[in-house]
Every structure is written in structure tokens, then in C-alpha cells.
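Labels run A, B, C and D following the written order; every chain starts at residue 1.
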Amino acid sequence: MKPGEFGWDARFVHVRARSLELAAPLSAEDCGAQSMPDASPIKWHLAHTTWFFETFILERFEPAFRPFHPLFRTLFNSYYNGVGERHPRPRRGLLTRPALDEVLAYRADVDERMELLLAARGTEPELARLVTLGLQHEQQHQELMLTDVKHLLSCNPLAPAYNGAPLPRWPQAEPVRWIACAGGVCAIGHAGDGFCFDNELPRHRQFVEPFALASRLVTNGEYLAFIDAGGYDDARLWLAEGWDLVRAEGWRQPLYWRRSEDGGWHEFTLHGLQPLDLERPAVHLSLFEAEAYAQWAGARLPTEAEWEHAASSIKADQMHGAAWQWTSSSYGPYPGFVPAEGTIGEYNGKFMVNQYVLRGSSCATPPGHARDSYRNFFPAHARWQFSGIRLARHGA
Amino acid sequence: MKPGEFGWDARFVHVRARSLELAAPLSAEDCGAQSMPDASPIKWHLAHTTWFFETFILERFEPAFRPFHPLFRTLFNSYYNGVGERHPRPRRGLLTRPALDEVLAYRADVDERMELLLAARGTEPELARLVTLGLQHEQQHQELMLTDVKHLLSCNPLAPAYNGAPLPRWPQAEPVRWIACAGGVCAIGHAGDGFCFDNELPRHRQFVEPFALASRLVTNGEYLAFIDAGGYDDARLWLAEGWDLVRAEGWRQPLYWRRSEDGGWHEFTLHGLQPLDLERPAVHLSLFEAEAYAQWAGARLPTEAEWEHAASSIKADQMHGAAWQWTSSSYGPYPGFVPAEGTIGEYNGKFMVNQYVLRGSSCATPPGHARDSYRNFFPAHARWQFSGIRLARHGA
Amino acid sequence: MKPGEFGWDARFVHVRARSLELAAPLSAEDCGAQSMPDASPIKWHLAHTTWFFETFILERFEPAFRPFHPLFRTLFNSYYNGVGERHPRPRRGLLTRPALDEVLAYRADVDERMELLLAARGTEPELARLVTLGLQHEQQHQELMLTDVKHLLSCNPLAPAYNGAPLPRWPQAEPVRWIACAGGVCAIGHAGDGFCFDNELPRHRQFVEPFALASRLVTNGEYLAFIDAGGYDDARLWLAEGWDLVRAEGWRQPLYWRRSEDGGWHEFTLHGLQPLDLERPAVHLSLFEAEAYAQWAGARLPTEAEWEHAASSIKADQMHGAAWQWTSSSYGPYPGFVPAEGTIGEYNGKFMVNQYVLRGSSCATPPGHARDSYRNFFPAHARWQFSGIRLARHGA
Amino acid sequence: MKPGEFGWDARFVHVRARSLELAAPLSAEDCGAQSMPDASPIKWHLAHTTWFFETFILERFEPAFRPFHPLFRTLFNSYYNGVGERHPRPRRGLLTRPALDEVLAYRADVDERMELLLAARGTEPELARLVTLGLQHEQQHQELMLTDVKHLLSCNPLAPAYNGAPLPRWPQAEPVRWIACAGGVCAIGHAGDGFCFDNELPRHRQFVEPFALASRLVTNGEYLAFIDAGGYDDARLWLAEGWDLVRAEGWRQPLYWRRSEDGGWHEFTLHGLQPLDLERPAVHLSLFEAEAYAQWAGARLPTEAEWEHAASSIKADQMHGAAWQWTSSSYGPYPGFVPAEGTIGEYNGKFMVNQYVLRGSSCATPPGHARDSYRNFFPAHARWQFSGIRLARHGA
């Protein structure tokens, strides 16, 4: 997005409004609770994304800047050591004050000041760069709002629906085709002038051996066959650390599948508890489950270079929108990676260990936020994201 | 309280209304959060006390009983195995549904049905017995509502006040006198027709050696002297398990004391952060701290028999209303103790291990709820109750 | 034991030699391992009991005292804060140096110096008092050596026997009789001139209501009936904390019982794995299991005052030698309790919280070490001691 | 190594004897203890390497095979699910039986049978393949024996030396040179007929951007400068997970460095406690520390492809023998990786997650065991291996 393209105001207002729309079906109580340390309350997401604009933009660009509330700097800092102290992550759910209404007032105040600033100086490149980053950051949190609230509601025996409308139908899955990729030296990483995160740069070369990629993601029906074949009972299919987790946590199915007493399957969704739809991509899977499934299916996961190559060069099917797709690549810096300068450079680099890259995007990703070069990342055990399985094979 | 004394309705309505008054200063967000597994959300207290009437009274006495909501039986069961499944205690804060409004509707519905039942059959002894138990139970939770919300608010860096009014002044503490008690065979346990919990019975004999009891509780000023003398650094003063805790948890002062950078002391209270009042009884102390203080002061804690003997026979000073007073007695059954019949008999007996008795009552105890024979109990490490120190000495 | 009675040397030599006899069936490897933080390696017991004589006697009474090894003061200090630093308890099994041979040399050296000292000054009362304490202390560790090595060997799939001889037969259990005790004011605590630990004093009065005591301990056969009746599945029988433990740890039987695939029962003993002897007292039970059994049997555990009263006044059957007997009394100070002066006073008092008293003595208690007033104590969950169940009932 | 090259017997006998030589300075007590779950007792290493020959070779090739002891199959299985049950890893230190002598007898028995088998059928390729694998496996454990016993002895306040001889001098470190590598498509992975592990195959192509590699490892002196500059206090230098660990574990220096009260530094070594040698490569560092140092030094760690390219094509300095060198590459399968067939295929593949590759070899690596294509791997937090830092830079 370039400044002036269709006006900062429109873009800024649109993204900021979207966060409020996502929170609209929820009560203040829903917005305040934190279901696990990995997740955050909706209220915290609303405040933290606002804090980002206040701290990294208004504080720098606004003459006579005064913080909306002096303690918000601590309360809504996620992980920026450079900004100072932080409220401990597992205790975000205890912040019943500020109330949701106050957080909404905080948003309104910062938005108003941001819009004034954009009207006055929106064409300055450094400001434009930071606003774009702030909006992309907010979009990332919009997806987390959905995954976090889904997890929260799933913990409630009442199985409440976030969205009361019927779950839209999903088309029947076509048989899998294997799309051949010849391999060779590929260009990987973001190209062009558009926005990207620092971890997508620099564009560089990687050698990819010939491989084939499945034309679509693994479906619930296919994953159910893995379960019925004893997939969760066969140590040989699993990475050792995954197998330990299967036994310690008692994993028997994807995170939100529920088995009724008659043996039938349901899935908890944002539309409440639903009969399991066998055609839909299997989601809420850890990397360990994805690897075990691939092993069972006689295939493997793609590397992130293979995925990006297939997406950008071959235009393979169903790359975006269905679910994030685990790759076998650990999350690390590209050759020549340079973090952004200053505190904002803490954004990505410091998480480059013990996490794995997911590519594509999910049904929860905001429109316009997805890119072929986008690198999402989570620990191998994480299951509360919309994460699914794309298979690959060696040789074309 | 006897049925008919001044009308069931008045008493029932009064106690039930008090719970709502206690919740009145709080938002729905405040009422939903749980600050630690030992504490419960206010909303849960409001629902659980209602569940008690619904489950143990309406279900038994109401013709054509139908539960307000079938899942509430599970959600708001505290620990009664006999009633069936329970929602896990540490996850009570995740129940953003039912909303506070629905819980209030649940209360209103049960109250209305209870009042009809009382009007019709309030003179039946068994019903009267259970209603009285339910009201006493609710009063216990009223104190917990205050201690739990205090803990929650204390976790918030904004240090919000539950009560916006100024903290009432506390009179100057008089010098301690030692009240001599001759000892001998004493009658211990509840006497008379009034209500008591099963753990206060049967009344029985205990032999008490001559002892002396301090005329009042230890003040903040006295406890500060213990801190200033290095009390938290001297292993010899502490029970071994207490000393391990002091080091593991980094205890340096009572739970809610805060030291400012200039060395001054404040205390977080229900009225917000306040300068430490040296005349007030020291509260929010564990048994370990009480024992260490007593050791340092060349005294000891009383046993519960000594305490009750002093309160009932000698009418010693300041026995109720200032703070719960740790005794050195572990919580166990009196000789001949018989739990109540049926599920309701899970009330007290099954906690009779690894807990210590506190006697008296605190500033948060509802009026009329205190008794000399009352046995409160908490684990030795618990600090979030209004628990203080009364000293005793051997020999009269 | 009084100095001069039959000569210090004989007594000292006898007790010290007994520790070596207990270690004799074990290899250096057996003596070095630590199976859990609660247990200690045999080598550590041998060294620590020696350290006690060196630190509390030789250092004080020996002219020109020089420690055998300067670091042993730290390595073999159990819990005396007054002596200085300690090696962390859970890491005692890592002390492969000093080797067992060096520890035996340490014992020989200290014994030789002790014997010289006793020959010269053995009639001095203070020395006599400390030597007696040291020998009683060593006898306590002799029992721990057996329980700790039993636990260690039980962790080995080879189920090795500590003692290769056949397990001696146990006589058939007689039917239980209920021994009536009239109650009243009793004198409790050690009487007379003989040795006792500080926690047995002062002798004082307690009022005991009329009660009846079972004539013998619960047998394996009786405990098996509790298991077969679903005792480990019925929450109503258990203290709440015990029930949590049953589920968290998967307790289904006493610590050393093993069920074979055909449903038969064996018990791991110091003589290796043996068919379960139904006549023998059930041992290696936690207080929680003892309480649940008593609840199931329609009885209760005795208090320690009841037990001592029955043992000393009524001369009830089978009070010593079969197994330690859980009481319902938490371990606390007697009225007027005064710990011994100086560092040695850390001996007992600082453990007087969250532990329960066991009375009597077991098959592993050294001859001559048992007393009616003896107060053994362990946490309610401890199972690796020879701890069994004596029932009591209210009313005579 | 090819069969017949210089006789199986010589090679087999040599490697097997080396394990005994490594255990020779240790007592049976030293050999039995386990200092942490990640480490194993020396006795266990001696038995497990023997178990490997017995289970994967004798059981298959020996006519009328009978196990040396039926339970050893369970006791000395490390992680092969295909073989059956395993003794829990953290409890290996409790296996005081079989005694060290019995394990030595086990070794002698298996060695004798292996030598007979080799004499009869040593030229059969499948047998040759498995024996070679068994010997390579044993050499891996030989290095672990040294790192595990070093860790054990480091836990002992007596700081005992494994090797009583003086620590050999280390030459003065030369100034670092930056060796330029032009980059391009490189062949990575094992080439030729010699032995390699499955994880070194298949040889494949990777594109490497131009880079420069430091001519030697970081020295103790250089690492000390990082400490003195506040490296352990500056969050900005650390990966987020590393920083959490620094604070939770209180890391202030490499694992075996000890600061004396006068501020001087010593290092615990296999030769006991020694003054810190500033010229020696810094070792016993986690990946987190290696990354933080690199960040501080304005450099980065090499990828494993860069390392292998530099070692094999450019013949860079000090690649082997000083210390294992952390790379920034997570441990994963090469494109086209196929695990060995059958149970033995559990060897490497199932650990390919959340571990990082170390390249080169250390002072503890058996002679002849190192290869440029060798892939060692440990979790990012592991510190007890001889792991050090080699720096790299982007651009040539």
C-alpha cells in the first residue's frame, strides 16, 4: 500500500474498524478472559494494537505528545524490551481495569489523533512506513482475536457460538493431484515495492530439488482415516518429542474434535458445535500431527522454499485461505537478514528459534493480508491456530 | 436462628440481597475474572450460592422441579462429589457464559421459588435446617467475595479501589496486656440451640494447661519491627516448610504491603493503596509468618481450645471483628464428630487434613455470622484471607 | 540409658556397629544411589550419623579438634541451618565421592576419637547427654536405611532382595477385639529419667473421651477386601486432598503391592518379591489410605493421646514392632514445649507443621529404640515407611 | 571401514576396548550415578552399547541365540520403540543392579560371541554394515561418557578430577581471519563409499550465498569480554526464549566457569578445577549463548551448509577437534532422506525437530570418528557438550 493510493484515512479507518467488528459479537466478559498463556484477551488485543500506534508513531511524531494513560505503556506492551517493563503475559486476563469501555475510548482517542497526524503529514515516507506496519500488525492480531476467542469459548461446557449464523457449506474436496516442480535455483523472499515484514527479506537464492506438491490440503475425512487406522497409537509415525506429547497430553484427535458417546464426531467451530464436515480441510493440528499424518500417508511436508516456489512460480492450487500450512522448515533468518532499526526491530528476529514456518493463510486471515512470501510461525506443539496439512513428495 | 423468629422471608431476603450489594461496585468484567486457583470469580460465588439452594432444597422440596439450566449443576458445583461432575476449579475464570446478567436472572428465579416454598412450608424443620445452612453458606461466600476481589484487584498495576470511600480511621492500639487463664477441663464446641456447622460439634471436654492470652492482635507497627529486625532473613525463627517458602516465593512482607522507592510502606486495601497504618492489626499473613513472629516475640500462638476457652469463659478482649486469628491447631474432627447425612455431609469433614484453624472473625465477616465456637480453616501458606496474629504464652 | 550402666563403650560400639551390619549386604553402588528426594543414599546415612558426632561432640569436647575433611561439614549436614551451608537434599545421590570406603574410614576415625573421649570423660553429664542423643539419632537413621534401600530396590525391574534368606512366617491374625478405654484426664508425654526426644516433653494432661481401640492392626487380607470393594474408586471415603492424590498418582494399592497378569497379588519386601501374606499387617500406607480404610470400616484412627493412653495405662495388644500406626493427630508442640538449646534444638520443633504423628514402632525399628511416648511423624502422603492402620471408635 | 581391510577383529576389539579405558579411572559408584535426565550413568553406556550388538546383530545372526539376561532388553534399550518396553530415562541412575561387574561380564560375553561371529561370517555385507554401525554408535557413546561424567563430577562440591594428569597446555590463539567463500550451488552430504549415518544422506545440492567464516573458534578470553561488557544483562542480544532462560536459570557464565570471591575465574575440567585459560576455545555453551555472542560481536553463526562447504571445499582452519560448533540450522532431513529399514531406522530421523546442528568435532570425539559431513545435534539450551562458537558473516 502506498500513501496517497486511495487515501490513508480510508485504509486506516477500515483496518481499525475491522477490529471492532470482530469484537462486536462479544460481551465485555468475553473480551476480558484469557484461556491460556499463549492466548490473550480480546480487550488486550484491542488495546495492544492501539498501543503500537501510540508508542511507535504518536510518541514520535505528535508535538506535545501526552500518553492517554501513563500505565498503558506497561500494561499493553507485548514483548518489546526496548520500551520498558511489561505486564506478565499469563496475567493479562486479570486486567479487569481498564474496562472494555475505557479501551474503546483509548482506541477512539488514538484514532482521532492518528487521523489528524495522517491528514497533516501522511505523505512523509517514514510515517507512512510505520503506519503501514501498524496496520499489518493489527491485521495479524485480528486473526489472533479469532483463534483466541475460539479457544476461550471451547473451554466452556456450554459450547457457545461466536457467530450465530449457520456454518457456510464447504464444497466437496476433489481427488488429490500431485503437481510436479522441476526444482533448480529459485528466488525466495519478497519482491517488489509492496509491504512485507522484515523476515521476508532479503530476496535470495535457494536450490530446490525436484518435488511434487499435493493440489490441496488434507481433509477431515482423510485425517479421520488416519485416526481410524490407529495413527495416535503408533509410535513409529511420530517424531520422538511428538510421541511424548501424545501420551502426556492424551491427544486422540485434533484440538476441537469431540467424540459423542455413540462414536460420532463433531467439531467445535466459531459457529458452535457442528457435525464433522469430512470435506473441509483438517485444522487445529500441531506440526507433530502433520508430520505423523505425512509419514502415515507415505509423503512428507514441503519446505518453505518449496512452498513459495510452487505458489509463486507454478501457481499451484489452494495456496491461500483454507488454512495455514505447516512446513518442515524451522523459522530462521534469510541470508543477509537485517532486523529493522530500533525497538521496532524486536518484531520478528528474536523468535527465530524452536518455531516452524507455516505458509499460505487461513479462513481467519484478513483479506489483503496474505502473500506468497509471508512467513507465519508457531512452535511445533501449537494447535489453536487454523493450521492444516499440505503434503509433498521427493522427485517430480 | 429459628423459623418464625422474625419470618423466614425477611432473613432469606436480607442475606441474599447482601451478596448483590457486595457485587454492586463491580463491573461484569470484574465479576468474571479469577486471579488464582484458590480464589473464585464473584460471578461464580453468586451462582454457586444459588446452586446450593437449587440443588439441596428446590430439587428436593419443589414439586415438578426443573433445573434453571441443566448444565449449571456441573458449572457451579464446588466440590460435592455426590452431586456429580464439576467444572475444574482453576478454570472458573473462563466461564464468560453464562453472563453476569444470566447469573443474576438465575438468582432471581431461585429466590422467587424459594420464597414461595418458604411461604408454604417454611415451618417444616428439615426445610428450615437446610435453608439456614444455605444462608450460612452464603455468608461464608460473602467473606470470600471480598477476599477474592481484593486479590484480583491487587494483581492490577492500576491498584483500583473496590470501595471509593476513604478508609475509615482505626483507633490507636493500646499496650498489650496478658490475660491469665487458669486452665483445667473445659467444655469446647457449640452449645445451645442456635445454628452451628457440623465441625463445631459435638461439644466435648478438653484439658487446657494454664496460659495467658494477649489482649489484642499484633499491629502493623509491631509486625514492621519484626521485618526491620530481619525476621524474613533468620531461618531459626521459621518452621522448615515456611522457610523454604520464604525463599522460594521471595516473601519479604505481608501479602499486600508495598514498599516505595523511598523506603516508605503502603498497603493495598479494598479502598485502594493506602499509607501503612501502624495501629491496625497486621493481616494477610500465613500461619508460617504468624509462627515466626511469635517465635521472635518470645511467645506462641494459642491452640483453638485455649482461644475458645478464653473467648467464652473469660470474655477476653478483641476476639471478633478485627481479623481471623491463626491457632496452632490443625483442623480435625472433634471426638465423636459425625458428618451430616447425604451429599451435604461433604461440607466440612473432607478438608480435615493439612489445614489450620483460625478463630474469631474479621472485618469482612458478615454481621451475625461470627461465633466463639466457629472454626475457620486454611492451609498454612494461605495469605489472601484477613488473617492475623494473636499471641499466647504458657503458664498463667 | 545412663552413663556407667554397662559402660559407654559397649553401647556406643554396639549401635555404631549395627549401622555397618545393615549396610553389609549392599554394594558400594547400592549404597550410593538415591531413589527420590525424600530418601537418602545409605552412604549418606553412614556419613551423616558420623557427622553428628563429629560436629556436635568432637568439635566441642576434643582438644585440638580438626575436622576429618573440611567439606564434610557441608556435604553431610541434613538440615541444621545453624551449622551452615548444606548440600541440596535431592542431589545426595550424586556424591560418588567420597567413596564408600572413605566414608567407612571417616566412621572409623570418628569412632576411635569418640571412644578415646568417652574413656576420658564419659561420666560428664553434658557429654553423656549428647552421646545418647547421637546414638538415638543413629538408630532413627537405621530404620531409614531399611526403608530407603527398600524403596531403591523396588525401583529396579530386577526386584532384587536386600536379604536373601526366606521371609519369616507371620502368625495367623486373630479376630479383632475392641479394647474399651474409659477416658478422663490422662498424663501424656515421657515420664521418668530415661532418654526421650524433646518433642515427648513436657509431660502434661489431656482429656480423653471414652473410646475403644482395636486389638491389632489391619491385615493385608482386610485391606484387600477394601480394595475389592472399590475403595480406591469411591471419593466419599477419602479426604479431599487424598482423593486428588489417588487420581493424580493413579494409586490402586499399597506402595509395594504388585498385581500379576492373572490377578494374583505379590508384595515387594526386603526379601524380594513375595506372594501377598494376608495375615500380615498392611504396611506402606499413607495417612490418606489409612483414613479412607477407617471410613470404609465404620471406624476412625486414634488420636495420639488415645494411643499413648491405651499403651501405657491399659497395656493394649500389639502396640510395638508390627508397624508404625498413623494417628489423626497432627504433629505439634506439647503445651510448654521448649526446644533444646543451640543448634541441636533444630532437631524436632521446626517440622511441627503439616505432618502427622505415627505411634508404636515397626519391624525395622532397632531393638530398644521404641517407647510408648515416642512420636514419629511424616507427611500425610508418605508411603515408604512401615506405616499401617490401627482402628479406634468413639465411646467405650 | 570395509570388511577385511585390516581385519574385523582388530577394529572391533579396539573400539570396544576404548570404552573400558574411558571407564577405567572411575569407581563403580562413579559409574552408577546419573546427574540429570539428559545424562546417563557410565555403566548404562557400557551396557547399552553392548545391548546394541546383542539386539541388532547376535539376535539376528547367531544360531540358537539366547539373551544374556532376559530383562536387559528392557533395561538397556535407549529409545527404540520397535524393540519393546524401555526403562524410564530419568531413572537409569537407580539401577544399582546389575552391578558394574555384571555389566563388564555382559560386555565380555557379547564380545566373545561377536568375535566368533565375525570370524565365521565377517565378510557378509549386511553383517559388516551392522557391525560398523554398532561401532560408530559406540564411539558416539564414548564422547557422551566423557561429557556425562564431567557433568556428574561438576555437581560434587569436592570438584574431583576425572584425569589426575595436568591439563595439557593450549597454544596461544592467533588473531581471527575472515575466510571468504564465494557461494553458489554446493554439494552437501556424505560422498564416497565410507561409513556415514543416514542423516548425512542423500548428497544433494544447496545454494549458498557468498559469506565469510572466522578462521577459528571464539576463545575464553573473547567470551569473557562479552561477559564483562554485560552480555548476560542485555535482552537485546538474545533470542526471546534464550533471554527467558537466562533469567529463569540465572545464567551468568558458561556452564563450568566458577567465579571466586576475589573475582578471578576458574573452569571445571576433566582435570579438575583449573584457572581459566583465555586462549582455549570457549565451550559448554548453549546455542542461545552462541547466538547472543554473535549478535554482540556483529556477526552470526554459519548455517550447516556454509560450514560443510567451507570445510570440504575451502579447507578452512580449525574445523575439527577443538569443539563442536553450533550452526544456525535446525536439524532436519535432507531432501530425499530415507531412514534405515526396520527398528534400526529409529536411529536419527525421529529427533528431527527442535534441535540444532553442530558441526566439526571436539576434544572428546574418538579419533577417526569425525567427518566434514557429520551432523551432531542438540536442543538449543543444551550446555553439557563440548559446544563452542564459530562466527560467520554475510558477503565474501
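FYI, a contact is a pair of C-beta atoms (placed from the backbone, for glycine too) under 8 Å apart; a residue touches a chain by one contact, two chains touch by 3 or more.
Computed from a predicted model, the values in this text were never measured in an experiment.
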Any chain in contact with chain A as well as chain D: none
Least step count from chain B to chain D, where 1 means the two chains touch: 2
Centre-to-centre distance between chain C and chain A (centres being mean Cα positions), rounded to whole Å: 58
Gap in Å, rounded to a whole number, between the CA centres of chain D and chain C: 45
CA centroid of chain B to CA centroid of chain C, Å: 37
Where chain D touches two or more other chains, by residue: none
Residues of chain D that touch chain C when the two form their complex: 27-33, 35, 71, 74-75, 87, 91, 93-100, 152-153, 155-158, 160
In the complex with chain D, residue positions of chain A that touch it: 79, 81-82, 185, 204-207, 209, 211, 235-236, 238-243, 287-288, 291, 300, 303, 328-330, 332-333, 335-336, 346, 350-354, 380, 394-395
